[in-house]
């Protein structure tokens, strides 16, 4: 793959064509929604798979999420090469997205964030677990990626395809993978689902921390309950809050 | 009841007539207030019993609370059937409201929410208790509804009359019922009381969590003190904050 | 005193004359500042002693703090009788203020609030202590008033002169008195000092709760350090933040 | 040094000339950013070393950070003497900045703040440690300055050169020094770095407190990982969030 990556870096990949305008609109909204909801701050990013090509995805140039507009979006191939960066700086961790799209055909949107509520669960022996139906998407568990296991001492960043691939392997078929000492990657079959999961994952982490602090015994959501919720449509695909979030994020 | 529900679903119930315009205004304000105060987010709902008919109640179509306007309100009967939905999507958990109105003639408003502060108390062995006079309405205890007891593994939603009935039974004559792994239902004899209780229940849960974390011995509000506060008018029926909340929610 | 109170209720006390316009401006600002800073919500109040008469004080009619304007302010005597209420509803707990002004000639402003951070310290065996120089005003301790000790089972409200007197006795010469299961009273020799203390008392309580949760040994501010800070001018009498708070509260 | 200080107080130091306008713009932005991000409230300050003279620095007159404009900035020498105060009141703790600039030629910006999240770590036996890559700048430890060790009982303020010097000695070559019962000083080689570190230090403290409360074993960022992150450019010198923060702080 590294040879391929070098080649691709020299020859920019061809574009799959203009994405669906609604995909662009939703992706820009996603950046702003995640900033407004406190999931992203000046760092982190969200991407969407290209609607015309499974081997292309769209994400912003290196920019604080709250500032992203349609003009900042760039098309990438699954080696993380931009179709046309126009000289702009890129997110060094675009490989998180690239390798998850490569490994998971069902995924059409990926969020990478450093929400403060989640960092503790990536560094402790206490597993993140679903406290209520809104977090059913983690009913089958949350794996933790420790970059040190395969790569030793690093700057903690998933800044090449190999590291992205290792992360995607730990993610497996789950919805969420925690990254030790770093953050999280969240996936979904649509932008609203990836965004909604990111928001409720943050809330669920706060709820679990508070529940543990109470000092009693906790009844977590049963994996079967979580599965039934997922089968019933996972919070109606977040359509209801998405309408609200998007209205607030776009000022419409 | 199930036969009746089927019939009613086929024949839409008759309207009890136009509700009092002030009831509509207060109910729309209630949606927005609960969103502004952080009790509701994109999910949850509030309803009011119809002023002309004890067997009718009003709530929004399926919509994020912050977006609700008078045009979104729909009249329902106590089987959860809409008088005229005009093809719009409905909250699947309207049965929480319907069955509480059926069981509790004194209740004229119901709130269902997923406030993060409350989820821990629904899943732990530590009971939610009143920390101060503002939470006197839980001085006689807070029952916890575990849907698993009667219905086994479910998607956690109170999405039919039977589940709503079971919830109303656990609520009994109390002001609040926690729902394990899900949220809470709060009732009141007026919209401001149901809203005010929802807001101070959230605050009280945060206060209790913080008090427990201090590690000392706690003196809870005595049930007699709580009762005397209730007898004295329960925070003057929340008139003072209601004036503020409504002004902020409606921009007037 | 009760006979006197009855007489005074029948004969409204004479006004001490128009207060200093700056006192009015600062008192209105104080209501709004304490709401903006999250110390007051729809409940609680702040008052100022009349600049022309030690036995008169000014506070709002019964109104949510964020809504208070100069027209809502009413002059009271130390029995809690209004000079001219114009038929408006009064705060039932104005006796907190009245009796503190009676007992403490040095006090010229009183705040009563229910800040969630403080409720735990009023109900636990863990004392509220100064964590840093900003809370030097509690360096000599924070007494706790338990209304039950003198009055048995009540509705928790300090709603007459006797209860206000008992509270003032527990306050003694301190800056703050916690009220078990209810809230706090904070005093100062100026409005900015009473307001500033209320704001930093809230922050200090949050800091102490967080420090206790860390699980190590804590070095509290030494009483001598606190005294030296007080002698050096107690945060320069809050002049610096007051300028900011007032600008934000009044939109100037 | 004290004799020198007296002399300098009598003879105002000469100006090093007008600073780079961009330095002024960034410093004003820094005050506002730190207030908007909740690191500063009505107290605390940020300074920058003069671009024309290593023995001069710029900071505001005594003013709440949110109100600072270019007109409020004053040039100081390393004894804390203003070039031309124009009779305006000065921050009594400007010696924190002066002595750090004297001791640390690499430092070009200093922040002093009282962020509530940090106070606990200054008073407890539990050390502040890096939870994730964003806090790599404390990978080599966070010293704690206890003013009592050298100065006995004080008003806790670093209000002269001697105290500033003692603080700078405890800081040593680190990025951060906690001040027991008071706050913190944070340094950087640019204004964005000092500001960015201040913001992520606050977040890291909250994350660590939450992680400790979970009750499991914690894997902290390894010092080698932190060093690699620093070597790789420490969050790209905070350029990405600085663009966002500055845009929000200046309304541009």
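Each chain carries a letter (A, B, C and D) given by its place in the written order, and its residues are counted from 1.
By definition in this document, a contact is a pair of C-beta atoms (placed from the backbone, for glycine too) under 8 Å apart; a residue touches a chain by one contact, two chains touch by 3 or more.
Worth saying up front: this structure is predicted, and the values here are computed from it rather than measured.
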| item | value |
| --- | --- |
| Taking each chain's C-alpha mean as its centre, the one farthest from chain B | D |
| Proportion of interface numbers common to chain B and chain C (over half same, under half different) | different |
| Gap in Å, rounded to a whole number, between the CA centres of chain D and chain C | 34 |
| Interchain centroid distance [CA atoms averaged], chain B/chain D, Å | 48 |
| Where chain D touches two or more other chains, by residue | 213 |
| Touch-based graph of the chains, sorted into line, ring, star, complete or other | ring |
| Every chain pair in contact, whichever chains are involved | A-B, A-D, B-C, C-D |
| Residue ranges of chain D in contact with chain A within the complex | 131-134, 136, 203, 206-207, 210-211, 213-222, 224-225, 228-229, 231-232, 235, 238, 240-245, 247 |
| Residue ranges of chain D in contact with chain C within the complex | 41-43, 62-64, 66-67, 114, 116-117, 119-126, 146, 148, 153-157, 180-183, 209, 212-213 |
